[in-house]
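Shared between the two complexes below is chain A, which has chain B as its partner in the first and chain C in the second.
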Partner chain A sequence: MMVVLQTQNLCKSYGQVKALDDVNVYIEDAQLLAVIGPSGSGKTTLLRSIAGFVELDSGKILIKSKDVTNLPPEKRNVAMFFQNYALWPHMTVFENVAYGLKIRKYDKNTIRERVEWALDFLDIRSLAERKPSQLSGGQQQRVALARAIVIQPDVLLLDEPLSNLDAKIRMRIRFELKALQKRLKIPTLYVTHDQEEALSIADKIAIMHNGKVLQVGTPEEVYKNPVDLFIADFIGVNSVVKVKCAGEKLVEVGNLKLPVQKETVYVVIRAEETKVLPIQQRFDIAEGDLRLEGTIIGKLYLGSKYRYEIKIEGVDEVLFINSEEVYNVNEQVQIISRKGNFFIYEQ
Partner chain B sequence: MEVRNRIVGFLLILPAFLILALLYVYPLIRAIWMSFIKDGFLSLANYAKAFDIYSRDILYSVVITSVTVGFVLVLSILLASYLRFKEWRFLDIMYRLPLFIPFLIVGHAMRIFLAPHGTLNSLLTRILKVEELPGFSRSWIGLLWTFVWVMTPYAALIILGAFRALDSSYIEAARNLGASKGKIVFTVIIPMCKPSIMVAAILTFVRTISSLTILVMIGPNTPNMITVDMMFRINFFNDWGVANALGVISYLIVIVLAVYYLRFMAAERGGIKG
Partner chain C sequence: MRFSIWRITLKVIFVVFMLLIMIGPLVGIVIWSFARVWYWPSPIPQEFTLRYWLEVFRQGRVLNSLMLSVTIALLTVVFSITLAIPAAYGFARYKLPFERVLLLLFLMPQTFPQLPVFINLASIFGRMGLRGNIWGIILAHTMASLVFSLWIITATFKSIPVELEHVAQNLGASRFKTFWTVTFPLAIPGIIAGAIYVFLWSMGEFTAAFFIGAPFIQTAPVLMYTSSMGYNLQIASVIAIILVIPSLIFMVLIERFLKAEYIAGLGG
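Take a look at the complex of A and B:
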């Protein structure tokens, strides 16, 4: 195991806003680290400071054990993929991809060989002589990727690479991108606000919020053991039950009696892994499972299933839970969530 | 209904159109027409005379103007590149100051600065430790110096505007791939801002070749530029025919540029190089 990229205690403020607040992340070998978080959480700032475009207030960046904190962007061997692709319109595809190699003063033949390798790798050899304006969005994206990987960077930085593509293509490219990264074995930092994308593509996930990294772990770890309310709610599709406790030491949520110290108890329920059953149906619940009773107050047809809006007595927020069973509005139902599919937090 | 709308539309633009026609199109056509009239007859005599007396001045005008454009472009691209990468408010404001100084005052200031015993020469004589130096104020060097001084801010304003409007990601992508700032200016910024640089070049050319004040203030007496010759023709000989012929010749020079520019723009847009 070798740590290729490491950030140590990165801090960056813009006025009052802490864009980076003591950020520590690292990438081992050819891993793909996905950085996720809502808009404004500091993901782009993190990525840009690794590329050298952000002047940090404090902290250190190591690439292959070398301190690059004070190196200008052009001296760091990291390749960045820009959200808008940033292909130069006056150059052909070939010239765009060859740019980094020309700067590195390779001879003509080597440049040709390497560019053709990259174009083949991304299956765009036939576009070599076109200008970017003659390409579709998907093709431009491949060119931008070819331009980044052809220089054999130490680290590949991707800022929301799929956000400009429509949903259908996005799904396909997601897998292609992962396969490509595994074949190339380039350590990669992948920024996205789409938790589903991150879960499906990442070796490790770092979750950011307000400039802080809240948790780092494998997709399974962060999905199964979210360390706080924000992460539990951010990852996956969830409904949150919020119960205020008026000074009591025990709060009742469905069948559970929860000891409390703070003011409010939040129960985050993974909507995908929760059952909705008719109220009379007998169902054996085990120790630690959650059972709630409620009334259907709305439903949406989703094709293979329904999305139910369920009101629970004494809880303000309504729950949204998907189920293949058919219920009518105003019908009484029970909601069952197995241990491990819901999380309890106090605040 | 359709027809009525058109009439209303026409009536709305009519005043602007009339003013334009009256103040611009009519004098232009009249000047062209008069350049072909000699002693009440249609002829090319004015042109024959203009080329006979002034062909050296026409060449001189084109050369001085072209050299001015060259210097102005180099300086304003240097300035714009610097300010694109580095924020320096002082320079950002200072370079625009000449924009607000009337040509007459610039001409006068330059006359003092470039005179035989002017500011520049007192400095130079002291540095070079020589007794006497010729003044630059009535030579092509002084004229070039003044033109460049006056025209650079305009060109820099246009070019810096274009440089700043260029999305940073294009520049950052190049830096990310290892390019130095100088390299980026030549491989990314200038090629991507070519249309604006062309506009700056053409405006500088037109403004220089049609300027008169500065020439009268500090230009050499001979050779002279077309505008001064036109003034002489009118003031001393009341010879509007030759003056108009000279005017038309300078129009033609500019029109050649304009055509070149339009073809360049068409090529930029549609890729139809001709």
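Take a look at the complex of A and C:
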């Protein structure tokens, strides 16, 4: 295993706001690291600082063990993919893709060969002589990607690459992008606010919030073992039960009695992996499973299933849980969540 | 139906009115240049003649003045645009201290009445030996026209998304290379607009050319002014028409030439 990209204790403040707060991430070999977080979490600042467009307050960036912290953007050999593609409107597709190679002073034949390779790779050879204004959004995205990979960068930086595409294409491109990254074997840092996208595409995920990296792990790790409330709630589709404890040592949430030290207990329930059953139905719950009783107060039809709004006695927030079963509003139900599909935090 | 007829009528009235405003004065000047006798209220002159056109071309000094004006205007464009491009780039891309104040400072020569500004400038230039000298006029025109070129080109640079430059840098281009391969080509339409404006302004500028150039240098507007002062309205009209020609040629040429070069540059 070789560490290709490593950031060490990156810090950057904009006035009072800490955009990067002691950020340490690394990419090994040809991994795809997805950095996710809500907007304003610092993920884009991290990406831009690796590309060299952000002057850091402190910290170090190493690419292939070489310190690039103080190098200008043009000397870093990282290729960045911009969210809005940023294709040059005055150049054809071919010229856009050839730009990085021309700057590197390759001879004409090599440039032609490599540009054609990149265009073939992304299946856009036929568009070579067009101007960006004559391309669809999906085609522009491919050109921007071709322009980035053709220089054979040490690291590929992708800034919300799928956010400008419509939902249907996005699902397909996700697979393509993953396959492409695996075939090219380029270490990639992928910034997105879409946790589902990150789970499906990444080898590793780093979750950022308020400039801090809260957890780094494989998609399974962050989904199965979120280290704190923010991550548990951010990843997946969830409902959160919030119970205040009035100075007691034990708090009752459904069938569970939880020892508490702090003021509030949060139970994050994975809405996709929770059962909604009629209240009378007998159901054997194992040690550590969660069982709640509630009343359905609203429902939405989602095609293959329903999304129920469920009110639980003594809990302020209503739960949103999906189920294939059909219930009516005002019906009493029980909610069963297996151990591992819900998480308990104190704050 | 009635509504659309009204609309069309209004449109026609509007177009005729606009034509009157834009072309009306020009038509008047053209007619005057051929008029021997033209008394009010007749819509056309009582007698036509080619005498004044012939006279202007026979004298030769009109053409000399015209060449002088074109030379001054071209050099002013070169200096003004060359100075404006780096300055405008600075204004557009960097947070300069007192940016607003600086930009307004360039507006200063245009905010005051032209007469005292250029009379003062003429006396300063006199001490520097720049009076009665085309370089004095070029310098004055460059200074005064910087406001147009600077504001137009700054706006152009600002309209180019900074990401387009970042991509180039990211792909390995230096700041300088980025500017020449990305920013400058994209700014060409705005730079052309600035150049045309400066050229036209310099071609028609009278006050500075008069006070700084006199008595040896007579640009076309100065000549036009002196001949109309001598109540020779026909000669002044002929000069005015001739004065429009280089401006038109310049506008057509610069558009054609630069666009062609622009496209050729992209092919290689």
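In this text, the second predicted complex is superposed on the first by the 347 of 347 C-alpha atoms of A that agree within 3 Å, B and C clash if a C-alpha of one lies under 4 Å from a C-alpha of the other, contacts with A are read in each partner's own complex, and residues count from 1 in each chain.
Keep this in mind: a contact is a pair of C-beta atoms (placed from the backbone, for glycine too) under 8 Å apart; a residue touches a chain by one contact, two chains touch by 3 or more.
Quantities reported herein were computed from a predicted structural model and do not represent experimental measurements.
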Clash or fit (per the criteria above) of chain B with chain C on chain A: clash
Partner chain(s) touched by A:P38 [first = chain B, second = chain C, both, neither]: neither
Which of chain B and chain C A:N84 touches, first, second, both or neither: both
Partner chain in contact with A:R147 - chain B first, chain C second, else both or neither: both
Which of chain B and chain C A:G59 touches, first, second, both or neither: neither
Chain B versus chain C as contact partner of A:T92, first or second or both or neither: second
Shared chain A contacts, counted only where both chain B and chain C touch the same residue: 51-53, 72-75, 77-80, 82, 84, 86, 88-90, 99-100, 103-104, 147, 151
In the complex with chain B, residue positions of chain A that touch it: 51-53, 72-75, 77-80, 82-84, 86, 88-90, 99-100, 103-104, 131, 147, 151
Contact footprint of chain C on chain A as seen in their complex: 51-53, 72-75, 77-80, 82, 84, 86, 88-92, 95, 99-100, 103-104, 147, 151
Residue ranges of chain B in contact with chain A within the complex: 167, 169-170, 172-180, 183, 187-188, 191-192, 194, 271
Residue ranges of chain C in contact with chain A within the complex: 161, 163-164, 166-174, 177, 181-182, 185-186, 262, 266
